[in-house]
Amino acid sequence: MIEESMVFWIGGIIFALSSLLFIVLENQNDSRKHLFNSHVFVSFITTISYCIMALGVATVTNQDGNVIYWTRWLFYAASCSILTLDVATISKKSREKKAEVVLFTALTMFCGYLASIILTDYRWIFFGLSTAAYLGMLFSLFKKSNQNGSNTSSIMWFVLVTWSLFPIVWVLAPTGFTIIAVDVTAISYLALDILTKIGFGIYITTRK
Amino acid sequence: MIEESMVFWIGGIIFALSSLLFIVLENQNDSRKHLFNSHVFVSFITTISYCIMALGVATVTNQDGNVIYWTRWLFYAASCSILTLDVATISKKSREKKAEVVLFTALTMFCGYLASIILTDYRWIFFGLSTAAYLGMLFSLFKKSNQNGSNTSSIMWFVLVTWSLFPIVWVLAPTGFTIIAVDVTAISYLALDILTKIGFGIYITTRK
Amino acid sequence: MIEESMVFWIGGIIFALSSLLFIVLENQNDSRKHLFNSHVFVSFITTISYCIMALGVATVTNQDGNVIYWTRWLFYAASCSILTLDVATISKKSREKKAEVVLFTALTMFCGYLASIILTDYRWIFFGLSTAAYLGMLFSLFKKSNQNGSNTSSIMWFVLVTWSLFPIVWVLAPTGFTIIAVDVTAISYLALDILTKIGFGIYITTRK
């Protein structure tokens, strides 16, 4: 068994480095001048999140003795809202649609936090509310995007497919049915974070 | 005596249903195209708030043994800010006035949270600060609204009258002088929430 | 030794009065019509912060028995973000630059909160992340400001010099190396708050 604090420290270092990488990437791409350095913030917020999890502060332990790192979801509320704002901006959504997408993303992650911190079966209510907000976000994002470039929809499909793996890990992990252990959970989320935040960010900031 | 958790579950179900209702109402009214689906978010956030109160987590018990559900006020900070943003948008306020109205609303509710969680007499300081922020919000909302439609002022008067009932309940409830019991408090707030969030929302989204 | 709660009550009263002062100052200056009453909010939020510290709730005590008032930093996240938004608006920054400046300011203060609440040596990680966000904020603020008035840069230099005193107090205080005591810390921060929030606000709102 791998010590999960090691996984979190590695995650912290990876995202600290990707923060620096995006400072370079986001300032050499002229087509992104209409955006704040959003991927720098996504990586920086994720760095903070991983350092807190590495210290093992602010966790709950469920009835099986498994540690649940619920802080992750509060940081996702910030970082993922920035990511969906970026996707909505690239897709040339209206200001109103952007507000909807950001609010739905924040509520998805906030309900994910509640579902993680509550240890009784009632947590599934919040899992349900999180799923409802997630569907609302996807609906706002996919609905009638006015004349977009061709790779816009590929971006949205990438978000749909990769982001939907997070709730699957949540269900398999100690937060759900404890089918996978705490360390495998930590590694799975790290792999998904690298894919959806660094991989996605590099694709977005380097495409022509 | 009614079990207050029953009141909260009923509240959760009512607001879950009103979230669905507003998805329908806000998408059939063309005159609201300049707004995000604000009443969907108000009802959805209130649903989360009621589910948390129903579980009885995150409460404090005062010296008389009465349970105080302080989380309510943090959710009001989000939901009521969206409501006053909606009122300010309908009243064609400038971006600056909208920011003022939203910030004052959030501070009103945040100070209400502090007044609820602090059990000593010092809580009245925060009740006073909450009142100051509330007056600031009303002042920003009522001041010199440039050429509005006739029912704009009726909307603002509705907000003024119905919202002012919340601090009255607060003062009568265990948060204030414990003149009304915890269960009556829960029912009173639920009635006010239905009036100010669902009733108000239906009026706003269906008017011509 | 001075009771620090006395310092905090004095701070609360000073900022309550300055909230009133800025209501007057910000409404008599026509050149600020494009701004919400930002300095009213900065002083009001600081009033709440001082009242909470005066009550001594929500603190941690470090291994030397010194009380650390960590709530301060969460309120700075709100108040200082409004201040830097004001500076960025006066400097005619783009919407994107404003978003960067606000996000970096909020992250600076949020990491300062983490560095204050964590009592082990790992807190220096968050001190480092806070410093990184602070440098990001300064960089966004100073970089290539398109044709500004002459006193714009003096405003930015004032922010740079006076704000940099906060981390110095943090390092000297029980949060860092406990070179200065809790009461001297409270007085130092109060002096800096008066300088950077009231003094700065009066300068900004009364200049021609």
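List of remarks:
Letters A, B and C name the chains as they come in the text, with residue numbers starting at 1 for each one.
Just so we're on the same page, a contact is a pair of C-beta atoms (placed from the backbone, for glycine too) under 8 Å apart; a residue touches a chain by one contact, two chains touch by 3 or more.
Computed from a prediction, not measured in an experiment: that's the story for all the values here.
Comparing the contact residues of subunit A and subunit B by number shows a mostly separate set, under half of all numbers used being common to the two copies. Superposing the C-alpha atoms of subunit A onto those of subunit C requires a rotation of 120 degrees, given to the nearest 5. Each chain gets a centre from the mean of its Cα atoms; for subunit A and subunit B, those two points are 30 Å apart.
For subunit A, the set of residues touching two or more other chains is empty.
Interface residues of subunit A, counted against subunit B in their complex, comprise 96-97, 99-100, 103, 107, 110-111, 114, 118, 120, 122, 125-126, 129, 132-133, 136. Subunit A meets subunit C in the complex at residues 33-37, 40-41, 44-45, 47-48, 51-52, 55, 57.
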